[in-house]
Amino acid sequence: MREPLRRLVSSPVFWRGVVSIVAFVILWELGARSRQWMALEMFAPLRELLGALGLKKDYLPWVGAVPAPLAVLKAWIAVLGQGGYWQSWYMSLFRVMSGFIAAMLIGIPFGLLLAVSRTAQGIGFPVFEVLRPIPPLAWVPASIIFWPTQELAISFVTFLGAFYTIVINVLGGARSIDVHYFQAAQSMGSSQWDIFRRVILPGTLPSIVVGSAVGMGITWEVVVAAEMISGGGSQQAGAGGGLGFFIWSSYVGGSYEQIVVGMISIGIAGFASSELLRWLGRYVTPWLRVR
Amino acid sequence: MDMHQPGAGAVTRGRILIEDVVKTYDTEGAAVMAVDHCSLEIEAGEICMIVGPSGCGKTTLLNAIAGFHAITSGRIVMDGETLCSTEKPKAEPGPDRIVVFQNGALFPWKNNLENVIFGPVMQGKLARKEAIDKGRAMMADAGLAGVEHNYPGEVSSGMRRRVEIVRALMNDPKALLLDEPYRALDSLTKSVMHEALLEIYYKNKVTIFFITHDLEEAIFLGHKVAIMTTRPCRPKKVLTVDIAHPRDYSVLTTKRFRELIEETNEAVHEEALKAFQAGEKEG
Amino acid sequence: MSEIPSARPPIVAGEITVRGVSKSYGAAQFRKEVVRECSFNIEQGKLTVMIGPSGCGKSTLIRLLAGFEQPTEGSIALDGAPISGPDRDRLVLFQETALFPWMSTWDNILYGPRARGELDRGTLEFGEFLLNKVGLREFRNKYPGQLSGGMQRRAELARAMINNPKVMILDEPFRGLDAMTKELMWEYYSRLYEENRRTNFFVTTDIDEAVFLADRVLVMSNIPTQVRAVIDVDLPRPRRLSDIVESDRANDIKKQALSILHTEAMRSFSRGSKAAADFVDAYLKRAGRA
Amino acid sequence: MQIAQNVAPGELTAVLREAIPFVDASDALLQRVAALGRCRRYAAGERIYDAGDAADDIYVVVSGRVEHVFGPGISAQESLKRMGRGGVFGWAGLLLGQTRRFASATALEPSEILCIATEELVKALESEPLEGSSVMELFATMIQRDFTVPALLAKVRRLSGTPLTEEMSSLSLTLFRMSLWLTSPRPYLMLIGFALFLGFWYLFVEVWKLPRFREMPGISAVVKEWLSPAPTYGLSLYTAEYYQHIAVSIWRVAQAFFLATLLGVPFGLFLGWSRRFKEYVFPVFELLRPIPVLAWVPLAIVMFIATESAVIYLAFLASFFATALNTMLGVESIDESYVRAANCLGASRWQVFRHVIVPGALPFVFTGLQISIGVSWFSLVAAEMVSGQYGLGYVINTSFMMVRYPTIVIGMATLGVVGYTTSAMVRVAGDYMMEWRVRELALAER
């Protein structure tokens, strides 16, 4: 464990990355505090220029409206002790997981069914293709109408987000299995079930892994927006919590630092869950590791 | 000595000296030696064939001459000019030494003629129009008239190789470095390509550094055949092929040719077997 | 190498008869005939090599022999019994390796018996024997992606042999290997054949390969595929590559096959086949010089 | 010109054997052909025939040299060809629909030439259809390759009794594909699929009125509303407002997409091309990427004050990440030997970028652009639903608030159609810009 760490620390690439991130944070800090330093006399021409461009005069455009990293850090520390913040984590994670697991449970067999049976593909795939271009978030209102609780509605929309990706990947993966594998298995006397179990399933596994990792990313996108739209829009009790709602209520409440805290938290959550999936994926496809 | 032997005739450029070249790779702490104190002399205008099993480090040597990779120590000199040495480990790639790659590197997004004129136009040696005229002429000379406006993906693999050689010769190089260019072709097409290469060579004498693992190919084409050991790579045996040029396919059935094959087969076989048993991955 | 288990099953060599087989694809005016009225025998215990220009429909013929597809007309029979589908009696080794990348070498070799539920002690021993035979004992737990091209082909040979087929069908198995490995594989494969004398059917585009390996060579025409000539290769066995290089008889056979082949390539060129263009080039040049 | 008598018949078959079309012919056939021929002698400089003459004889050079020059309009690659013993010329009469000479032929030195009447030759070949057709094919090959006549012209006549190799015209090929599709079960299965989907929707919601489904907008209500000139809820194909919403959404996506392409493609190219640039910039990129674009919504509103720019910014952000990332991958996937080859050929660093990196990455760039337009719609809808006036996302959300349920479905369906169309447009643009790739793929399919 110590060896890779030492190599990391001694590599210039690592330090270049550190430099760039530090520079980014410093620029952000400076930009966010522009309201303070731009009040100085020497920046008068800049203020005039901004005014002439039709922007606000007293701070840098865009970045000047963003809370500064130090303020964000302070807000974050404050929020760490609050149960509500962790509750939001839990709620979002729960919704993501329920939607995602449902998408895996339904999407993988559905994709395999489409891949194995020509008839199923003929019937199912065109409908699937017609529904696919509709962004999952457009389903939010319909979903709220249909499902008895908001909780279920949000889970359903997250499910949709991952479902399309998983099905497409499973189908593509199963179709790209070399026909020679089937022929070889057939001529060695395999039964249909055997071919499914020992050829189609492992052959599709890499695509399933890829599809789930991508699907997981989409799920986080969707859950945030769904929480904002349903919770933020109607303020109904059932949608309370969730990181998306945390961001939205921070916005409504005017504590902009907390918006950024929420964004970073979601970033961490999304990244961690995708990494976890990739790690699991490497574990179930050992033959791809050895190359 | 006839005029197709190296040193005879007008060829005075493209003499390559490889002196005591070492190349080690640093992988995960342990150094792996790819080329081990390799010395080789290639005369101006000579076809030098480098024979060895896959992954034996021949390509590393080629990359060092071409200037794609640095060497660890030693020296490579061309016409008195040091390409790379211990002090300056990496040569500059340039149009005096042109590589023809194993899988071909014609740009698939340019048609054959655009590919052929790429070198002179990029270097600004010829105006586009002149380059087109010269390119057409050279392509016609190599039996490639009619495919100028096709993309490389649309012509047969044999033609692609010829286009690539024409693209190299457009730059009037001192040396051509060929990295198993005919590996993927079937044996019959390969035999055609050999004759085509010789034909082009007789018209444009350049030094040819040709990597292969096919002994028959090596003896048929080469003035000199260097058989390399498998990792680390070092000349095991250097053979001068005393069959007169110009050669054609009748050479393959001559007694002398068979004798030469006999003579070298053992050495090659030994190395191949070593690689075979070690189970080196190809490529 | 000497530990031959007693459970090693006896080799039964089969004979395939192909009678008037045609195969076409497509319908009505767009019907394309790929194989036309082919008749030949793959003789018992012999190594038959089929050679033809690339893209001539050899692969279709292999699919028919293996039973993946049915002929439009004519019949194919193994030891008199008509072929109706894929079966372990006729195993195919494909051009690109068809080892399952997700199974270790050992699991790949055992795939056939395992799929049929025949995995017993004797089979396991036979598997061990084959694993040794192809020299992959140290690689049993490696995945195919970790093996070199030559080792993959050997593993595939073992995977086929464990099923003890009556006929082995090989579809350009050594294509894509480098020249040295290829020659070693030729010697290796022909030793294997000389030891067990199973019926083998080998498809290739390489004349040297054909002459070195074959007892009989079938020279095929271009699409629609037909048998153009049958050449008996009466070179003594066991064969060594160096002997063949020197043999005048081998040269004669090569020339004979070549002359038939280039006529075929010429034809396919005038029909616009890309692959044949190079071939014709060669031929025109040589014809011009002769 | 004079008739020569002193040529032995055995000599004629030997000459024919050297002529490319006859190299494979049997001796019997060669003797028959030789018997048809007459030997003539030409002086140096004597004209044998001119372009436009009747193409009645075929000539084979027995000795001497002949110069063959194509007349205008043949578009052969090389208009001049000189030939010696075994050379064949005057073959125009063998071609489909040709009766006149293409070229003129002149003897360069005193020459002996074998003349064979075209029609008699064809008759002789027809009597041996199998061998004959092979001779004819060799003629075609020779005319095309040695005389460099374009393939279109170099089609030889068909010998009666031999099958014609059918060339499929593109129209009949399309028809064939159509008929294949129609005779396959696919279109019918597709119909079944849609019928099932729509049927269940109808039955569940409007006929059986199952619990939960009861609340949903039914298909007939949606279709009626959509097609009604006087819609109950104010939005249908006949209202101008409907098109206004579509236009607003498309305009926003278009701005975001073009901005993202304009910035993302060069950014991705530099990321992939310069290792140093990537080492300094990519970490920040990777730091921001895991944050879902939609989590930016409130911050974007804070940053941009005007909702319009905030909405466009969100759609842009999603597009930008997809485009830049795919472009970078595209550059990294370029086979190193292309760059090396360009280096060998003396291209400067900038020339390598312009001629190798950019075209080489193009396939990936277009994959990226297709993803980019998809995610741009995805986040646009979310942004419009949260904030903003007009736009399809806004339609869906307000319809929900105002309990105009059929309009929700109209909005969703319209989104699907518009989204699909834009991504198809990107694909077509890609095909247009990468002709080499389209041609390659078409060949691979065959």
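Chains here go by letter, A, B, C and D, matching the order in which they are written, and residues are numbered from 1 within each.
Assume contacts are C-beta pairs under 8 Å (C-beta built on N, C-alpha and C of every residue); 3 or more make two chains touch, one makes a residue touch a chain.
Note that the structure is a prediction, hence the values are computed from the model and not measured.
Asker: I need the chain pair with the most C-beta contacts, please.
Answerer: The largest set of C-beta contacts joins the chains A-D.
Asker: Relative to the centroid of every protein C-alpha atom displayed, which chain's own C-alpha centroid is closest?
Answerer: Answer for the innermost chain: D.
Asker: In whole angstrom, how far does the Cα centroid of chain A sit from the Cα centroid of chain D?
Answerer: Here the centre of chain D sits 36 Å away from the centre of chain A.
Asker: Please report how many Å separate the Cα centroid of chain A from that of chain B, as a whole number.
Answerer: 51
Asker: How many angstrom between the C-alpha centroids of chain C and chain B?
Answerer: Centre separation, chain B to chain C: 33 Å.
Asker: What are the residues of chain D that contact at least two other chains?
Answerer: 443
Asker: For chain C, which residues are shared contacts with two or more other chains?
Answerer: 146, 274
Asker: Under the touch definition given earlier, write down the residues of chain B that touch chain C in their complex.
Answerer: Against chain C, the touching part of chain B is residues 53-54, 143, 155-159, 180, 183-184, 186-189, 191-193, 195, 212-217, 248-249, 253, 258, 261-262, 265, 268, 272-273, 275-277, 279-282.
Asker: Would you tell me which residues of chain A are touching chain D in their complex?
Answerer: The contact residues of chain A facing chain D are 13, 16-21, 24, 56, 62-63, 65-66, 118-119, 121-127, 130-131, 133-142, 144-148, 217, 220-222, 224-225, 228-229, 232-233, 243-244, 247-248, 250-251, 256, 259-260, 262-264, 266-268, 270-271, 274.
Asker: Can you name the residues of chain C that touch chain B in the complex?
Answerer: Counting only chain C, the residues touching chain B are 54, 135, 139, 146-151, 175-181, 183-184, 205-209, 242, 245-246, 251, 261, 274-275, 277-279, 281-282, 285-286, 289.
Asker: Any idea which chain A residues touch chain C in the complex?
Answerer: Touch residues, chain A against chain C: 178, 180-181, 183-191, 194, 198-199, 202-203, 205, 285-288, 290-291.
Asker: Which residues of chain D touch chain B in the complex?
Answerer: 77-78, 148, 335, 337-338, 340-348, 351, 355-356, 359-360, 362, 434-437, 439-440, 443
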